[in-house]
Amino acid sequence: MILRDPVHGLVEFEGDAERVVSALIDTREVQRLRRVRQLGLTSLVFPGAEHSRFAHALGTAHVMSRLQARLRGQQSVLPSELRLDDEMERDALAAAMLHDLGHGPFSHLFEEVLPHARPHEEWTVAMLLDDATEVHRALARLDGGMPERVASLIRGDHPVKWLASAVSGVLDVDRCDYLLRDSHATGVEYGIFDLDWLLRALVFAELPLDGPAGDRWVLAIEGRKGLPPIEGFFLARHFMYGQVYHHKATRAAECSVRSIFRRVAELVRDGRAPEAVPDALRAAVLGDPLSLEDYLELDDAMLQHALGRWSRDRDPLLADLAGRLRSRVLPKTVPLPDEPGSEQGWSRAVERAGAIVRARGMRPDLFVSLDVATDVPYEEPPEDPRAGLHVMLRHQPLRRLGDISFPLQRLRNQAIVRARLCFPAEVRDEVRRAIEEVLA
Amino acid sequence: MILRDPVHGLVEFEGDAERVVSALIDTREVQRLRRVRQLGLTSLVFPGAEHSRFAHALGTAHVMSRLQARLRGQQSVLPSELRLDDEMERDALAAAMLHDLGHGPFSHLFEEVLPHARPHEEWTVAMLLDDATEVHRALARLDGGMPERVASLIRGDHPVKWLASAVSGVLDVDRCDYLLRDSHATGVEYGIFDLDWLLRALVFAELPLDGPAGDRWVLAIEGRKGLPPIEGFFLARHFMYGQVYHHKATRAAECSVRSIFRRVAELVRDGRAPEAVPDALRAAVLGDPLSLEDYLELDDAMLQHALGRWSRDRDPLLADLAGRLRSRVLPKTVPLPDEPGSEQGWSRAVERAGAIVRARGMRPDLFVSLDVATDVPYEEPPEDPRAGLHVMLRHQPLRRLGDISFPLQRLRNQAIVRARLCFPAEVRDEVRRAIEEVLA
Amino acid sequence: MILRDPVHGLVEFEGDAERVVSALIDTREVQRLRRVRQLGLTSLVFPGAEHSRFAHALGTAHVMSRLQARLRGQQSVLPSELRLDDEMERDALAAAMLHDLGHGPFSHLFEEVLPHARPHEEWTVAMLLDDATEVHRALARLDGGMPERVASLIRGDHPVKWLASAVSGVLDVDRCDYLLRDSHATGVEYGIFDLDWLLRALVFAELPLDGPAGDRWVLAIEGRKGLPPIEGFFLARHFMYGQVYHHKATRAAECSVRSIFRRVAELVRDGRAPEAVPDALRAAVLGDPLSLEDYLELDDAMLQHALGRWSRDRDPLLADLAGRLRSRVLPKTVPLPDEPGSEQGWSRAVERAGAIVRARGMRPDLFVSLDVATDVPYEEPPEDPRAGLHVMLRHQPLRRLGDISFPLQRLRNQAIVRARLCFPAEVRDEVRRAIEEVLA
Amino acid sequence: MILRDPVHGLVEFEGDAERVVSALIDTREVQRLRRVRQLGLTSLVFPGAEHSRFAHALGTAHVMSRLQARLRGQQSVLPSELRLDDEMERDALAAAMLHDLGHGPFSHLFEEVLPHARPHEEWTVAMLLDDATEVHRALARLDGGMPERVASLIRGDHPVKWLASAVSGVLDVDRCDYLLRDSHATGVEYGIFDLDWLLRALVFAELPLDGPAGDRWVLAIEGRKGLPPIEGFFLARHFMYGQVYHHKATRAAECSVRSIFRRVAELVRDGRAPEAVPDALRAAVLGDPLSLEDYLELDDAMLQHALGRWSRDRDPLLADLAGRLRSRVLPKTVPLPDEPGSEQGWSRAVERAGAIVRARGMRPDLFVSLDVATDVPYEEPPEDPRAGLHVMLRHQPLRRLGDISFPLQRLRNQAIVRARLCFPAEVRDEVRRAIEEVLA
């Protein structure tokens, strides 16, 4: 199989292990990812950000394939049971391709709002293990134990820790692909790092710890010359959070969707369900058992369709909320202080803004919200000697990345917090003035 | 207004005339373009081709803005009534941005199949002129005559022909943007040409013809040094047709959609309409009046949603057809001879394949189709001295581009024809053998 | 060995055969290429064109390495004696890297002007075969027969014709690299084609001709889908000639250098040799035997140094000529008609311009020249059925590329001719007027 | 004037003020920059790094032109005497283009080694002010006061401080161009930052300090959204130092050149001067007055020519040293500890290595050297409130960049030190062992 990809150019899956990609690509569950945008509502702000999770799934498998090509030449230092063999290569390619299978539309909003929704990671594993799915069958056809092994790579409880971390960890093939892809699609160049050198900078190293070999051996960085691509990677991540993932207008749109879901939930519970409510949403509202079948029906198309209907619903509140989003009338935002201990100020701000919208006849719980976005650009907690990345310097003991990298030393374990108040455009001036008083 | 665009980088609409872009961007009709993919089903083949007509609309306005910046320094040779002034600049920016407003989902398939559907160009004009649309109101608010003037630029009957041709002609801002954008999104590099130099290569020239000044003055190419960017433009167009727009798998998917629409139409006419048929589709089937309101509801989301329902419809034929597309089980194709006079062979091939599928219990009219894709990379018909492009050489009379460009001389007026037979994968070998006999 | 290259990105020579690159890179003859600019005087016009033949030599070896990787999967159809084995791979890598070894500074000017100069191709072979060179010794150390085999690949008389053609032919690794590299360095994007797909489009095919197998088997293009990258390649070549290699100002600078060499030759012959004349130049003027040692001393640095001296020479004519070039006072040019049969007009133009400069006291033979640049973008002479490229279509006999490619059909065997008259800026208006009369 | 540039694309100098670029470009002093490579010996390590200071001079003028276009829309807040007018624009473009005029070949090596050499900055100013130079005359022809004003912008003592800082400061047009250009040429992508957004992020701000207005007003960063491009700029600088400018092999080659200069100096002083010693070098050795005329003769070509001669000199020591460099036999290096207080260890290492080479009959002062490279990626000394950059946040006092940027907070004022020992390859193992003992 050979594909053109806007990010990686010519993408070939032609090796033996890579046949798993062809076996999976046309399954119903993988094809569903074509109908789920990678960045949810972000295209409201960056018009180019219309790419789907499907393209990302293929890109992630491609990065895994390149990583394996690099590591085949490096793994002679490993105990034999930790080395890549045909089976492990195939498992890891499948895990890379399927790691986001359970994602619903509009990213995490769905599971945040609905009390009985399961997190998307659980859905991913469920799809792998449920023998009714085409993905499960495609894997089991290759090898009966494969669904479980792939699931364990994705869950992170696989005995070969370094491989599970390459699927999902601080430096994994998922992040490698999405930073490049989101950067390419949005036109925000900060997400570009040097993948070629990054792959070449990786070697195997053994941590001086107790425990099974599978836990001790990790992917590490080779020498000081390996630092720039790794630093570039984490800085790219940091910039993309600041510029794209935490962009105020995207976050405002997400607040808007949360309010819509909340109102729909109320109406469903009150027996006044609007048209076009997806079965999965109804079940998640009512706490009914939610079948995989129903969950798989959920995609951007279905929600966009529903939003269209809701914008003309007979419930005026729902129609108002959905109509605003549909015409891109997004909430306005003001930044709130983000120092530790600001929480009290946040509450006061929410209260004041709530009072203002209430005076205009709007419900504070649906029209005012506090949005707190956080990110830790590079995690390397001091109490966990396995966490983060390590660097191999000639004739020296293994060092932690944050100890020897200038740009990362300050960013390490730093939680970047961006707090904002969201409220309707029509009360903008009033709220701004009130907030200035509150925060003065 | 300032935007990031993956194709053009930083896109600014900050001049006086460009305020029209801000006035239009959040209208309901323009926002609908976010839900219509530029390349319809192409992402089934090129996973990156998921960009919408919305991003293209902005990109086209941007190219128009750059073209105007170039021409302001060139237009002193023009009669004053043909020069860009503030009004004309604003009209042209609006026309560039709105030129595709009437496009429905899945590109032209809808209007090809349904007997009573109007072509998308008519819908575009209808949306501009109907005072119920937000686009109409936004334009009329700026200037009462604007909707009509913009429509006339798009229809091509504007008195300033050079400007109408820049909106829609052999070398227009629409093509400039979509070649670059589709190339970027698919990862097919052949669509890239040098926009910077192309814009610099343009000057005004007067054709030695009778008629009003508005007809005589055209945009022409300056000197031999202007040839490469123009040749590059038409070659890019040629390559993109061969590689992307006429790709066999995309065309096969389109055959598949046509069959689905045909089956839905039958069921509607028979009073057995499936679930989730959009009102616009029903009206187009039955010849009922189709309101603009209903047409505007049509988008990719609605059709994707309907396809999902139809794949589980109680009509087994519709369920089969829709299920195949949804799981990307596309028809197979074989190329047919494309010399002039091959039509008879095509008919025989369709007949033979029809017999084969009929023997398997499938309806030939839904499972076999002849697909003929054609394109003329560069049109410059000898009988129309105004058509095509002209080149200004120092001290020489104006020359036609096709007369002095080596690569275009052969391509000029050449209809590239690609004929293929489409049929289900399960009869692949049988059909191939039969076709070889027929064509031997 | 791993390198960063601005054109190809990360360039690795790490396979077994590729060790030959490391063995050759630090030889004196290869290092000399660092001091010879790839595009001679072109940087006077495109300031970025300052790259050396050294970077091109490495890039060419890299393209050969990629070509070999592609062909290893394709060569099972070949008779065994025509297949790549370790020896042949190594030979071909060396040939790719060394193909331009004999180039002197300022490209071909040197050999054009000096009556006794040998063409650079002969110098390349001489360096390979002379056991005093480091290159010869490095090759012979690997295998005694290697210098001769590499020379035969470069000369084109190697028994494995397809491989010799890949080193030097219509579609060879040399052109692949220089089009991309020159395009990158000049900023002229027309030289970019899709190398990834081009390599994938190549297969082996057998011509239906008599003769030894080595002559019959060729690299051909696979299917219609292979056409675009090949067409893109030849169009890129066509554009680069028009835009860069035949740019009027570069050609004018070359006229200028020719005059300088002619004047130096006169002075040398008259026993009034200026300072800093390189030994090789002196020998080439006088017809003395020219040692390889002396030839190897020639590089851009030496000629730039000499030009600096000559611009202050006691011979006022040489000082004038060299001073003009050094301060970038280039000759002016006017285009002359380029239809077949224009030669007589050219002569008249040269004569008239000559009379004008003579009247100003300048020597016509040094200050006026006719410059005729020619190129055949794609050669496929009808009388030689082996020439050009062939295309393999399923179930059809091998076709010639020019027969089935629209853009190449017209360009095939077409000699593009650009004729210009060069003369000093100070007589510009006078010459222009005279030429207009002559050509009227 | 319009040019193609590999970094900036289409570069136009077509405004009124920009005519100064055309007036300067063909002067002898600017043309000399074509013969001086921007990165000296770096192409020995990165083969693509062959670009000259000439291309950089034009690129720098282009960035200045873009900066001015941005600032014309921002400067209404400035006191009128600090605003850009035609004269100031022209002066600043000239200063940008000429800022490196005095650079000799091989970057700073020349002035480091020769006791009587003047720093290149002084030569730049000398060339501007000496009325014998073509640059001086071209400037004076436009306006008699221009040479002095341009010199004062370059020296930094111009009354409009913000403009002088834009010519030469922490964030200046010189760095903007060279980071992008060196990155492009070497293929090291870390030097790429987002110039478009960086220019848009700049505004004028007034520091709350005493002193003349010219000192108080600075270019500052607008809002948090302006941080990423600025952070990207300084991180790019940091990475380019680590990857390219301080690359161990480049530094080793520079050690090699220093030894050659030292040996030539000894021979000159001893009256045994080798052939081809440039007059400027001889004067710098002997402390003789060095004329501008002689200095202008110095370029890469002259030194390359001299190195060629010296590699065959009758002095065996010089021939050895020059021959090594010419065949790219570079010194080897070992890293030394770089903590503060390591100086003593460095001395011991030099001593031990010196003893080893002396035992082999080589002179320690010519064959062993300590190389200490340092860089401060972002300078913002606490004691100087004017230094570094400032950020304007709405409703807040001006903040220092280092106080609010996560990635720069740690890098600010941090001197990165890289210490290495350089020595001949033939004693590699011996020296490595000795150093390990010394440093243990």
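Going by the order they are written in, the chains are A, B, C and D; count residues from 1 in each one.
Going forward, a residue touches a chain if its C-beta (ideal position, glycine included) is under 8 Å from a C-beta of that chain, and two chains touch if they have at least 3 such contacts.
Quick caveat, the model's predicted, so the values are computed rather than measured.
> Looking at the contacts, which chains touch subunit B and subunit C alike?
A chain counts here if it touches both subunit B and subunit C, which gives A, D.
> Select, from A-B and B-D, the pair of chains that is joined by more C-beta pairs in contact.
Higher contact count goes to A-B.
> What's the distance between the Cα centroids of subunit A and subunit D, rounded to whole Å?
43
> Where the centres are mean C-alpha positions, what is the separation of subunit A from subunit B, in Å?
The mean C-alpha positions of subunit A and subunit B differ by 35 Å.
> Could you tell me the distance, in whole angstrom, between the mean C-alpha positions of subunit B and subunit D?
52
> Multi-chain contacts in subunit D: which residues touch at least two other chains?
9, in rising order.
> Show me the residue ranges of subunit C that touch subunit D in the complex, using the header's touch definition.
3-7, 9, 26-28, 31, 34-35, 43-44, 46-48, 50-52, 54-55, 58, 184-188, 297, 299-302, 304-305, 308, 326-329
> Which of the residues in subunit B come into contact with subunit C in the complex?
189-190, 192, 194, 227-228, 231-232, 235, 238-239, 242-243, 377, 395, 406-407, 409-411, 414, 416, 436
> Residues of subunit B touching subunit D in their complex?
2, 9-10, 196-197, 200
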